[in-house]
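Scrolling down, you'll hit the structures one after another.
There are two complexes below, and they share chain A, which is joined by chain B in the first and by chain C in the second.
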Partner chain A sequence: MTRANTRPSDGIGRAAPYLLVLPSILFAFWIIGYPIYDMANMSLHAVNRFGKTGAFNDFANYSRLFSHKLFLDCLLRTLVWTVCVVGGTVLLSVPIALILNERFYGRTLARIIIMLPWAVSLTMTGIVWRWSFNGQFGMVNATLSSFGLQDTPVEWLATATTAFPILIAIGILVSIPFTVTVILGGLSSLQADIFEAAKIDGASGWQRFRHLTLPLIRPFLNIVLVLNFIYVFNSFPIIWVMTQGDPANSTDILVTWLYKLAFRYGELGVASALSIVMFLILLALTIVYAVLAMRNERRQA
Partner chain B sequence: MENRTRKSILMWLLLSPLVVVILFPFAVMVSTAVKPRAEVLAYPPRWLPSEIRLQNFVDMWEATRLGPAVMNSLLVSVAATLLCLAIAIPAAYASSRMQFTGLKLYRQFLLVTQMLSPIVLVLGIFRLMASLGMVDKLPALVLAYVAFNLAFSVWMLQAYFQTIPKELEEAAKLDGASTLQRMRLIFLPLALPAIGITAVFVFIYCWNEFVLAMTLLRSPESNTLTIQTFSLVGGRYQVDWDHVMAATLVASVPVAVIFALLQRALVSGLTVGAVK
Partner chain C sequence: MYQIKKRRVLGLLAGAAVLLGATTASRAETLNVVVAYYSAATQGVFEGMAKDFMEKNPGNEVKIEVIQWDNLQQRLTTDIAGGTTPDIAMIGTRWLVDYVKNDIAEPMELTPEFKAGFIEAFLSPSTFDGKLYGLPVAASARAMYYNKDLLAKAGVNEPPKNWDGVVDTARKIKALGSDAYGFALQGKEIETDAYWYYSLWTHGGELLTDGKSGVSSPAAVKALTLYKSMIDEGLTEPDPTGLNRQDIERLFKQGRIGMILTGPWLRGQIKEEAPTLNYAIAPIPEGEAKATYGVTDTLMVFKSSSKKELAMKFLTETAFSPKWRIEFSTKEGFLPVMKEEAAAPIFADDPQLRAFTDMLPYARFAPLITNWEQMVDVVIAALQKVYIGQAEPEPALKDAAAQIDGLIQD
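Our next item is the complex of A and B:
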């Protein structure tokens, strides 16, 4: 091996990493970057319903969006939806992960069952639950009345007061598997000896959980909170399949309303303005996530 | 031993409400899918049908044109998975193995693209595909799916790649192997399990995706499985629920089985990716 031989490969070596990452960057700019630019552009101009852009219109799309009678409703409902689903998911997932971290007969089976909703697409989940909650022939009503828990069948999804809580419950159900997985990962990284030591020192189960487990899995909880917040904020199929935002827009959140604005009402200007607003919200969340993740990395290093 | 049995019973009792809720929709699917149609719309509904009518599946397959939809889903998912890996593997290799200026920026770029969901961009993507004349064409879906899985794939692969020891490659370098040779002959075989797990995740994403498929596909012939199944329910006055449940069962069971079989590998893979 001579020096003359390694030199040119060093030159290629310097360009190599850029050549290797370039395709992924170009691809993302093409399919993700350009649409963002296009919508930002559209949101600042007059747009007809066929998508032809006209003159700059003084943020008229944005002011129409913010003054729209459904905007505040949908924004608030998105907040309720996101906070309830994420909060419920994490509150349920911690004890579930603690259970699944114990050794007991059938643990593998239990883990598989808990992970199942993850494997089924949200669309299929939504379709099956929609049928299950059918007011006349659905098995939810049938099961409840066979246990004597209800006298008359309920039109669950056609009633504004029941539809949204049901959607939230389904949202929680499908978010549990991922959340449990990450928390389990955190639990399995804990060392057993400090727990033994605490036990010998007479700490109760609750004390061990409160003062040892919880602080130690805190980084994992942070990550799960932010990631779930982003997923749930963006969650579309369950609501679309089960209620399409009905009855009377009472289950619309921003994403379902956005879809209606863009593809049903042909309000392309307002829709693109809303897309950009949501993009900015997501960007802010991403920065929060990045800061949290970096803090984790520093702690581990 | 006695102690462990009691603990197991307690654990299962604690989990039982959730287990019931998780298994409930599967029970509904099976129950409705094998019922004679008259009993599907009988009041009050019952769990057990008078006969187990497997003919429903045959009827459903014909009536709902599920076969072509399965083919479309397979084509799109396989193509997107392969293209995604072809772009992500080199990128992950570079960002886990090589030091270069801009690496940090590249990682942040990945993070931002990972957070964006199709629904927020769907209007822009539709316009992009329309300008390319690709609306209602399956390659449009492939491109979009690749774009939304790239960040995740690169992220996950590079977390894995960092765990593969460098020494072998360094030895090969001393023996005069070029970068490409090292990657192909030494690195890729060791990275195969990680690549497999990433592929499964991308495949499942594509197989299950909803909003892009609903937006970019227009004619029934090009529908993927999720959209074809949804079209049996959405915007219809009368829904043949026995067919719909048979269809959801056919669509869900294969993926659920793959997932259950690979559960351990998938979960440990994801933890590596999530924590790094």
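Our next item is the complex of A and C:
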């Protein structure tokens, strides 16, 4: 009799859980990894408009992408779009979540109303707003002129000066439900007694928020920031439905331009190079943010 | 190595599919037809053709799938890349050049009599190196619709024949001081470029000259300067870059536009939605030349199809029979593409339709070059910059022409 026979749980036993999850892990890697691999592969080769890959082409897709006159504009606009939408969303969501966390009559109803935009598809939201901001037939102009606030109709989506802030505002609107939900979850997990103790010690409402609530919900804020950053950076439907990047590409962000490159112009090679660049940007920003957030937490701990 | 593996897996899958297909439908063949959505009537018309064909060819099945134009290109690209193409598809005729270049479209062998049945002008856009790769459907030319009441109120009894007349008429409509605009100008989305080509061509310009872009020629600059001056003078609706084709058509249906350049489909919409609108149709205004934009869509057969014979039979015997051509063109509001169809009383005796068919000899088609869609967007961006006052016509068009020349090189 060997030891192995007497204590079978030692060798294989310890590895058993890993062995059991191995297939799912491999499967997940394949599902996630294969498209990235395929995309990277495409971005390095000549590709015709029907996705047939040809020869390796010396990074021609990348050099064409970086030398394209729209690339830098779209990149900068994407950053403005992402920072404004995510920043605006979080700034608005924190007070909303704080209010919804208080007990008041009709709170359930208020919570449902805040969540509603989430239930509507982004495309539908986009279509409704596109209609509302139509200069000749839209409800916004109709309302403004019936209150006497405007003499001649404004074509809101005709120039980027008005169109882009509108797009950002709608982007914020549709990001709020998810953000509020997460923050609300964070708020409801807080212990009531520390707030009572602070109150007894004479801390004002602002002090309690600044020194207790905010640090305690920080992990939730971090999640919300990172996830929203990724969603908004890649957010396609609202801009596509409302302006298609018009006029003259002045509301195009990287992902709408990517769609045009891939499916309107058939430039699959350049489009896949752009996807890889976008992927790397997001990956880098997420890693940097995660590192910063972790260091912060450790310091506080 | 990886490629081999992939091929093997695909081969196995294909084999399985063949086996499945063989057991369920051993003799009968199923023809998959993808068509584009024109209106609520599209599905019905093509289902009708399918039913008719299945009755005449028992045992075979025709499956019709209707796809929105916006998604069609993406859908077919994905199908082609994945090797799951239908047998027949409807495409924009200008896409055909890519399909032919990449060996995706099957050349069509047709009897001379059948070919002779078509109006010649509509076959040329789908002919490459003397071979025909698709049959034209949904032909349209463009003309000028004008609101008779509005023009009469402004003291204009005859529709303007040239651009000076258009400007003059628009000024008179503006002087009425109502909420109506003289001349509609499309400023965004699909065919924004075409709306300017009318002006370009009639001013004597060309899209391509000697393999170079013609969009910065003196005629082109003149054509764009005209539109810009009309915007600045308030002769068009304000801020055209906020309005797409549907928007300006809707304004016309509401009686708020004096003159609009568009295709035959608007007649059908007016009949449905604004039956009291008192309008008529005249040729596109002239400058130095007469012109209109001719557009066709195409039904093509895929080279990868295993049922090419049946597919051709469906096209020649049913889809392009006079009965179904008339049904399609009248229901969808397009121009006839076959001579027998054009001679049918419903087309021949329609004076409004004559306004369009009379323009066919002057019709220009989109040039059959690759990268066309990208060139279109370059032109649209230049136009929009001028319309919103971000750039002057000449530098904007020079910049666009340089970009297009770069795309032609590719």
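Here is the rule we use: the second predicted complex is superposed on the first by the 251 of 301 C-alpha atoms of A that agree within 3 Å, B and C clash if a C-alpha of one lies under 4 Å from a C-alpha of the other, contacts with A are read in each partner's own complex, and residues count from 1 in each chain.
Here, a contact is a pair of C-beta atoms (placed from the backbone, for glycine too) under 8 Å apart; a residue touches a chain by one contact, two chains touch by 3 or more.
Just so we're clear, the structure is a prediction, and the values are computed from it rather than from any experiment.
Of the two partner chains placed by the overlay, only chain B lies in contact with A:A290; chain C stays clear of it. When both complexes are overlaid on chain A, the residue A:T159 reaches chain C alone and has no touch with chain B. Judged by the touch definition given at the top, the superposed model places A:A110 against chain B, while chain C stays out of reach.
In the superposition on chain A, A:Q136 makes contact with both chain B and chain C. Residue contacts after overlaying the shared chain place A:R264 against chain C, while chain B stays out of touching range.
By the touch criterion defined above, A:Q150 lies against neither chain B nor chain C after alignment on the C-alpha atoms of chain A.
By the document's definition of touching, neither partner reaches A:Q207: not chain B, not chain C. Between chain B and chain C, B contacts the larger number of chain A residues. Of the two partner chains, neither chain B nor chain C is touched by A:S63.
Residues 51, 134, 136-137, 244, 263 of chain A touch chain B in one complex and chain C in the other.
On chain A, the positions that touch chain B within their shared complex are 1, 5, 9, 12-14, 16-18, 20-21, 23-25, 27-28, 30-32, 34-36, 38-39, 51, 92, 95-96, 99, 102-107, 110-125, 127-132, 134, 136-139, 141-142, 145, 173, 176, 181-182, 184-185, 189, 220, 223, 230-231, 234, 236-237, 240-241, 244, 255, 258-259, 262-263, 268, 271-272, 275, 278-279, 282-283, 285-286, 289-290, 296. Residues of chain A touching chain C in their complex: 48-52, 69, 134-137, 152-159, 244, 246-249, 260, 263-267.
Chain B contributes residues 4-5, 7-8, 11-12, 14-15, 18-19, 21-29, 31-32, 40-47, 87-88, 90-91, 93-95, 98, 100, 102-103, 106, 108-109, 111-113, 115-117, 119-128, 130, 143-144, 146-148, 150-151, 154, 174, 176, 178-179, 204, 207-211, 215, 226, 229-230, 233-234, 241, 244-245, 248, 251-252, 255-256, 258-260, 263, 267, 270-271, 274-275 to its touches with chain A in the complex. Every residue of chain C that touches chain A in the complex is listed here, in rising order: 73-74, 77-78, 80-81, 98, 102, 104, 187-189, 237-243, 247, 250-251, 371, 373-374, 377, 380-382, 384-385, 387-388, 390, 403.
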